[in-house]
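There are two complexes below, and they share subunit A, which is joined by subunit B in the first and by subunit C in the second.
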Partner chain A sequence: MTGSVQAFLAVMKTVVASRLAYRGDVFFSLFVTLLGEAILPMITLLIYKSGASFPGWSLEEAMLVQAVFMLAKGIAYPFFYGMVYNTLDRVREGSFDVLLLKPRSALFMTLVTGFSIDGLGRLVGGAALFIFALSGLPMPSAAEWLGFLLLMCLSACVLFASALFMSGMLFRWVGSSRVYEMNDAATSFGRYPLSIYSKPLQFVLSSVVPVAMISYFPAATLLGRSTPGLYGAAAASVIFLAAGLLFWHYMLRTYTSAGG
Partner chain B sequence: MAASILRALQVMQAVAFVTFKEWAAYRSHMLATLFVGPVFFLVQLSIWNAVFDTQGTIGGMDLAGMIAYYGIVTVINYAVFDFADWNFQMLIRTGKFLTFLLRPLSHRYFALSQKVGHRTLGFALEFIPVYLIFWLIFGIKLIPASVAWTALSLILSFLMVFLINYCVGMTAFWLTNTGGVRSIFLIMRDLCAGVFVPLTFFPEWVQHIMFYLPFQFMTYVPVRVFLGDYELAGHTMTIPQIVGLQAIAVIAMWAISELIWRLGIKRFTGVGA
Partner chain C sequence: MNPIIEVSQLRKSYQTYERGHTLLDSIKSLFHRKPLEIQAVKDISFSVQQGELIGFLGPNGAGKSTTLKILTGVLYPTDGHVSIAGYVPWKQRKPYVARIGAVFGQKSQLLWDIPPLDAFYMNKAIYGLKESDFRGTLDELVELLDVVHVIRKPTRQLSLGERMKCEFIMAMLHRPDIVFLDEPTIGLDVIAKEKIREFIKEMNRKGVTFILTTHDLGDVAELAKRVIVINHGEIIFDDDIAALKRHLGDKKLVKLTMTGDVPAYLGEGVAVLERLSSHEAKLEIDTAIQPLNAFIQMCSQNGVIADMSIEELPIEESIKALYSYNSEQPNNNTNRKDQKHVKIDASAGRKGGNAHSQTSGRSV
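Showing the complex of A and B:
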């Protein structure tokens, strides 16, 4: 375990150092990500400015859901989603075999070598929006903060599972960058309060593919709102992660080297 | 004159056919749209159904109008989608652009012909299936107010998207790696084109700026032509008027692309040249 952490830290250090060799590009990338992520809160603001709203949600509360979504993705991109690029590139080039020869598990190597600081703009933007939204709301209690942090761990589980599904698909669907779009589409439900969806869709988003765990349940817990379906969603998140791990390992077994 | 037009059309047909065949090899890549498009649309449908529960009209649109707007935006984008900007900067960065200067054909025309081939495949694998999904699953019949004006506006939009992206790609003459510029531009372009939200949602002063930018002719104008009326920043126009304006904008954009080409090509130094 200690060795794994040390390996992860060593790779992180190398990645940060190599990316900072192009500081301008890093800051530009951060700015672009921030700009892209600002679109949705801006649209939400336009909706509320026009006098309409998401029923039962104030502007600050809706913004908080979106801020938590950005924070969750801000964590997922550097730590999990890099493995998707990694798999995409390495399988296409035939260099994935190199990871299989390393004295660590293939999943660990794919995850670690995929670490990337690009996309940190989401974390920065999410944090800024989070502070803005919270500033207009009553301060949550210590229990609500604790609940929020626990649910953020489950949120990370869901996003890690989605990275596993994307990465796993790329062993067979070689070089298709559209897995990102498919993931973005599927997770985009998580950017809004669960209550805006129809009842059947709410069930699917909380108990089948627990997208609602990415941001809705953590944000609602922080707001002290009642969260029916939370336990089902928590169980679904753990099952989703287990399914992701099984899927990734199954797909790895179907991987046929390019012979490189 | 007629012979040269015929020759140009033959060239376009040949390039488009090759591009069509090339991309048909990656049809599963394109078919991902059948998941992405309807899922994004379902999110929009849910959002606007909820939002319109609290208010009858927003930004001058009612619920049916808003759903039609997003449906049309989705399918129109499959018809006019373009990555000429990425392609051009890649050719400059890798030095491959040099070979195009040796060919007896304008690169802009070649790239446009490629787009025709790529979008012909997109029409079959993206536009029509997603249109049918909207109709048969979501129950949204997207019938244009006037088929002829909508078709004309779509062709102009097709050209406008290409010319704007091509101009952005040509910034590679100066920057070589245009990744950053392209990323910012794409976000601003889609925002100003009305992809994310109808332009009438923006404050009046922002609408005035957007009215004078070329981006509305990419998405917002063809969508409004499809719907049968046009209004932005307090300007209302008949369909023939706005389509005429769109045609003038396309010609102006072509002239700008020509100017950028002439300035940029002087700076081009190919790898190994």
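Showing the complex of A and C:
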């Protein structure tokens, strides 16, 4: 275990050093990401300023859901989603071979060599929006904070699983660069309070593809709101992750490398 | 002694799609693609003893890189058995790859924007090497390959030769027992090639087993003691270098200079390759038909020999003959779904055997 942590840190260090060789691009990328992620909260603000609202949700509460979504994506992009581009490029070029020559799990190598500091812009933006939204709300209790942290772990599981599905697909459908858009479209349902959707869609988003676990359930728990369907969503998140792991390893077997 | 590598009836096939080159073909392929089953490796078998240095040769698309990828645990085979140092590469990949090294000339393990030294330290952590072992090996390899002033520069600023030397260090830091080399000298200048060849020889002397895939026959002639030739996924030759040279028969290259004209006919088994002038010619002599002393006697009877040099036929000739023989066979690597697979003699690849029966000796 210690060896794995050391290996993780060592690889991450070299990946970061490698990326920082182009500092200008890194700063620009962080800035653009931050700007892009700020658009939706701005639109939400405009909606509320014009007198409209998400029924039953104050501006700060709706902002909190979006802040938690940004926080979750802020964790997913640097730590998980980098593996998708990593797989995309390496499978297309055949350099995925190099990862398989290392005496570590293929998933570990794909994940850690795909670490992307560019995604940290979302984390910074999410943290800023989270503080802003929370400042206008009553301070949550310790139990609510604990529940929030536990559910954020499940949120990370859902996003990791989605990265596994995207990355796994790329072993078979080589070069499908639009997987991110597909994933963004699917997960964007998690940007809004679950209650704005119809009942059947609420069921799908919490118990089938647990997108609601990305931000809605953690945010609602922090706000002390009732969360019907939470246990089903928690179970679905764990199953989703297990399915993602199985899928990824199954697809890895179909890797054909590129011509020598 | 038990072989360190045992390969038996190894087979790998995969599906790809055929597409034409025109715009219309590209558009059609969006809706319908003709499936092609590629049989990259066809039931090959061979074994390797510890400490051997084997040249694994074949023309482009012969199946040698696919075989190498299976042997390194990168690809799953379709069928067959492989045991390397007691491991089945694709089933016990993690402990297995800790015992092997690999240098793929066209796939770098270094990181483009940072110095090789940083990548070496990354490998140290990945392989879980002790600091003292790592330092000792690194110092030894850096000195052997003469790259002490190179390893701290960003990889992108290094020459191809310097990068390749660093690739070797990357592959050998954990002191592997077996090393797979896929075109390790591709694109290198003479000096860099020589350094790398010396390094491989030195490591081989220390007991490291090497499997070398290359198109550079200079590498093979200088390094390999045994050669396996693969074509269309089948082993067509497996023997030592001397046998490979004998493969075309007992032929010699002779450059003959006479004081007078070189006779037009020099007897059975002598072919004139090039007439350099009226009294100078390059000849190929099949000594099984006309022994050298008989040839010299014949020349003396026809005039005065001013100079004569006798050389072995270059290895390229034997390899070319092997490749071209197999190329004359129907292309049997691809197999359309609706076609029946045609396979030539599958008895190739006998353990420790000689050339394929159809390509051996004078039949080439």
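Convention: the second predicted complex is superposed on the first by the 258 of 260 C-alpha atoms of A that agree within 3 Å, B and C clash if a C-alpha of one lies under 4 Å from a C-alpha of the other, contacts with A are read in each partner's own complex, and residues count from 1 in each chain.
Here is the rule we go by: contacts are C-beta pairs under 8 Å (C-beta built on N, C-alpha and C of every residue); 3 or more make two chains touch, one makes a residue touch a chain.
Since we're looking at a predicted model, the values are computed, not measured.
S.K.: Would you sort A:104 into first (subunit B), second (subunit C), both or neither based on which partner it touches?
M.R.: second
S.K.: If you stack the two complexes on chain A, which partner ends up touching A:150: first (subunit B), second (subunit C), both, or neither?
M.R.: neither
S.K.: When the two structures are overlaid on chain A, which partner does A:131 contact: first (subunit B), second (subunit C), both, or neither?
M.R.: A:131 sits against neither subunit B nor subunit C.
S.K.: Tell me which partner A:208 touches in the superposition: subunit B (first), subunit C (second), both or neither.
M.R.: After superposing on A, A:208 lies clear of both subunit B and subunit C.
S.K.: Between subunit B and subunit C, whom does A:54 touch in the aligned arrangement: first, second, both, or neither?
M.R.: A:54 contacts subunit B only, not subunit C.
S.K.: Can you list the residues of subunit A that meet both subunit B and subunit C?
M.R.: The answer is that subunit A has no such residue.
S.K.: Flag every residue of subunit C that touches subunit A in the complex, lowest number first.
M.R.: Touching subunit A from subunit C are residues 14, 61, 64-66, 68-69, 72-76, 93-95, 97-98, 100, 102, 104, 106-109, 111-114, 118-119, 121-122, 124-128, 154, 182, 213.
S.K.: Which residues of subunit B touch subunit A in their complex?
M.R.: For this pair, the touching residues of subunit B are 28-29, 32, 35-36, 39-40, 42-43, 46-47, 49-55, 58-59, 180, 183-184, 187, 191, 196-197, 201-202.
S.K.: Provide the residue numbers of subunit A that touch subunit B in the complex, in ascending order.
M.R.: Touching subunit B: residues 25, 28-29, 31-32, 35-36, 39, 43, 46-47, 50-55, 173, 176, 178-179, 181-182, 184-186, 188-189, 191-192, 195-198, 201 of subunit A.
S.K.: Could you please specify the touching residues of subunit A with respect to subunit C in the complex?
M.R.: 3, 6-7, 9-11, 13-15, 17-19, 21-22, 93-95, 97-98, 100-106, 109, 253, 255-257, 259-260
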